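Chain naming follows the written order as A, B and C, and within any one chain the residues start at number 1.
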Amino acid sequence: MDETAQPVVEIANLVKSYRRGDQIVPVLTGITFDIAAGDFVALMGPSGSGKSTLLNMIAGIDKPDSGSLRVAGTDITALSEAELADWRSHHVGFIFQFYNLMPVLTAFENIELPLLLTDLSARERGEHVAAALSMVGLTDRSDHYPSELSGGQQQRVAIARAIITDPTILVADEPTGDLDRVSAAEILNLIERLNGELGKTVIMVTHDPQAAAKAHTVRHLEKGELSAG
Amino acid sequence: MYFLKLIIRNALRHKLRTGLTALGIVVAILAFGLLRTVVDAWYAGAAAASATRLVTRNAISLVFPLPLTYMGKIRQIDGVKSVSHANWFGGVYITEKNFFPQFAVQAQSYFALYPEFVVAPAQMREFLRDRKGAIAGRKLATTYGFKPGDQVTLRGTIFPGNWEFVVRGIYDGAEAKTDTSQFFFHWDYLNETMMKLAPRRANTVGVYVIGLTSADRAAAVTAAVDATFRNSLAETLTETEQAFQLGFVSMTEAIVVAIKIVSFLVIFIIMAVMANTMAMTARERTAEYATLKALGFGPLALAAMIFGESLAIAGAGGLLGVVLTFPVAGRFGAEMGSLFPVFNVGRETVAMQGAAALLVGAVAACLPALRAARIRIADGLRHVG
Amino acid sequence: MRIPFSYTFRNLWTRKLTTALTAGGMALVVFVFATVLMLEEGLRKTLVETGSHDNVVVIRRSSQTEVQSAIDRGQAAIIESQPQVALGAGGERLVSRETVVLVNLVKRGTERPTNVLIRGVAPLGLTLRPQVRMIAGRAFRPGSSEIIAGRSAAERFKGAGIGETLWFGLREWRVVGTFDAGNSGFDSEIWGDAVQLMQAFRRPVYSSLLFRLNDPESFDQIRAQLERDQRLTVEAKRENVYYAEQSELLAKFIRYLGLTLSVIFSVGAVIGAMITMYASVANRTGEIGTLRALGFRRRSILAAFLTEAVLLALVGGCAGLAAASFMQMFTISTMNWQSFSELAFSFTLTPDIAAKTLLFSLAMGVVGGFLPAIRAARLKIVDALRAI
């Protein structure tokens, strides 16, 4: 890893609050940190500490109240909603705790979904999906619906979907939260491979010490503030 | 009571969904009530018919007249208290759109036979004195502004020419179901004019109206009248006033039947909508039902909850629908004007509306209640939405 | 950038009961809507095809209908002598002096009497109406007490079938034939010799005159002439226009009542669609958030849910239309309020009606699905994802 290379995520003085009725609840009170390209970062902290909020902002699905946030060189706080949607489709891969697959689409179709936002032909899309399926080891399940897959298999489909557009960063919100120990280990290995072999930058929010152990960098969030290591 | 509280709170969980469903029921019950009122209005003539009046017309069809000379013979028949006659005039008031029934009647005897047409005695005197006088119903007075002293000109269609009358009185109906959209004038005026213009058409009447000494004489008198004129130039057909009115209805029966069918269709539509709502609601609460079962509540209790909620929503919507039926029917009746001279929401209609609302609520709850009763606790607890 | 159609379609397919109920409600509404349009069209066709553009009907001024009209022999002679009256092959004037009478006949299978129109025609009466063909038996002999019945009248009334007899005007009349008038109003009539009928009913005057124009464009000319003539008090109309006007009241009533009902019903169906779609959005909030996170735009979400509602409505629409098309097997017979005689007509489905019906169901889908689709599109990504 080249330490002097441009960090892929640059955050400065990020502030975010939520409104609950007439109360304003501060969630992030001035976060500053960088994430290097190819890093595997785990964000940990007690519930309500704002780690998911931070992740959401890095992923471009939420906007901070103030502060600067640059991902892959782009100031995403300045993008309009349409531009952000576009940006996300090219730069972010999502891995959710509950997989978030479309129940009425097959594994193949779920993975294909992000490619519908590109100009690829149906045949080209098929080739990419096949490659992704084989990478996560589910080629023989491509026609199955999520209800016909186990939790671990569903998460692998989700991961295949996350990498299909060759995104800049992978964000994972409690990826092992709904899995048993064995499946969780499988998933974490897979993520590790994506980080190591494909050089994907991974930012993961987790409670799970097993998951945190796989990460290269662990940051703790406490009441909206970051603490080192 | 706990149960009621539970039902109402459950119904209000999804305010939008419950609101929309209730709105749908209001619309459906309202439409149903309106349609049934239309059907009732169709039969209004028959409903207002008197049991002590008979109508005698030409046996071939209503379009053919009867000779004036029959009057004397009818009066002599046993059981006949009084006789009068009327001619359908069918004139046009300004334009064809302003349709209302006009009759040339034997004034004194006719109004005696129809006590439900109430006229102030002073006005009646004026009318009897004026050959060209006319008495109009309250509904006409409201629609066209007729008042005593007004001149009204009718363009004749059956009896050609422009006929001028002077309104001498306004009659009110003794009951709500009395038709007050009719226009009466003197047969004598009609006859005099026809004697000059087309003598062959003079001294004829459209129908005879017979007043019975008592209602149970109806069959006997009917037979006697028709027997008297059998094998004559103009054979008669006598029937009770109700049968006479029903005769008109039966000619447009197809339409009435269609309206009745449609009124039930609307109930089916809303039943489908409500069944859908309850099915969705029940499916979303599968885990809750399973939990209740785990706690020890039996399938009957679950069914009661679902039925209760469904009936509550249907009942609320139904009640509002019934309440709204009255003003809407009033408006509709006014718009229809003389097409439906009597347009009242009957008690039976309201009862049917209530029954319909409850039926919808009950049927809609059937399948969901059955499903809920059958939930296996373990499966149900795992169920996500 | 579009969310695939299979996503929309399969979501409807998965929730079969809900889809069936919602589409079913819409199908019923569409059924009523289509049926009313078909009824109106059937009525219009029956009456418009009654009568020809080249024929003229003359009745007494202001009498509105033949039943209330009277034309005496003197007037008839004057009208016949007009130059615009066409001449036949043998030089005879193509005129039919007709007399029309309403008679009470009993319907087959019931004891209910109904008004039926008996038309006395001149021998040329059939010739003047080329759309009328004998389909059984033969035409009546002039000067006899023979009559022929329209197909509909023969079917529906006791004694009007071929070989049967009717009693009216103190005489027995034998039915010697059945004619088909192409589903027009004439199908509900019974025809006989005008002179014989006038004698039987002791009517010395005719009800109307029917003649063929020698030049179809000369109608305005002859109408003006007849109305100016001081010896006459008549009005003239093209035959097809006359019959179209006869049904105006009934047609208007059907249209008014039918459309009012359809509007009211459609409110119910739209409400049903809204309930279903709101639930659909609520159940798939997580999916919506995911799709937005992946980069799909708000308008794609809007389009997907709107499409779902429209698809639902189209299914209902097709089902309702299919059911309505079965109504073509039925005939309605009712009294025409203006002519006072019974008229039989059927439901007629035209491509125009089918198109209007599908458009109507589409509209219901759009109206019902619009607000829920907007709600789906307006969800904030983080809120939607949190809902899981």
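Just a few scattered comments:
Criterion: a residue touches a chain if its C-beta (ideal position, glycine included) is under 8 Å from a C-beta of that chain, and two chains touch if they have at least 3 such contacts.
Every value quoted in this text rests on a predicted model; they were computed, and no experiment measured them.
Judged by the touch criterion defined above, the protein chains link up one after another in an open path, with no loop closing it. Two chain pairs are in question, B-C and A-C; the one with more C-beta pairs in contact is B-C. Relative to the centroid of every protein C-alpha atom shown, the closest chain centre, again from C-alpha atoms, is found for C.
Separating the CA-averaged centres of chain A and chain B is a span of 70 Å. Here the CA centre of chain B is 25 Å from the CA centre of chain C. One inter-chain figure worth recording: chain A and chain C are separated by 64 Å, centre to centre, where each centre is the mean of the chain's CA atoms. Note for the complex: chain B touches chain C at residues 16-17, 20-21, 23-24, 27-28, 30-31, 35, 59-64, 90, 92, 96, 155-158, 160, 200, 233, 237, 247, 250-255, 258-259, 262, 265-266, 268-270, 272-273, 275-277, 279-280, 284, 339, 367, 385. Residues 1-4, 6-7, 10-11, 13-14, 286-287, 289-298, 381-382, 385, 388 of chain C touch chain A in their complex. If you check the complex, the residues on chain C that touch chain B are 17-18, 21-22, 24-25, 28-29, 31-32, 60-64, 67-68, 101-104, 112-115, 168-169, 201-202, 204, 233, 253, 257, 261, 264-265, 267-269, 271-272, 274-276, 278-279, 283, 332-335, 337, 340, 342. Residues of chain A that touch chain C in their complex: 56, 59, 61-62, 81-82, 85-90, 92, 94, 96, 98, 100, 102-105, 109, 113-114, 116-117, 161.
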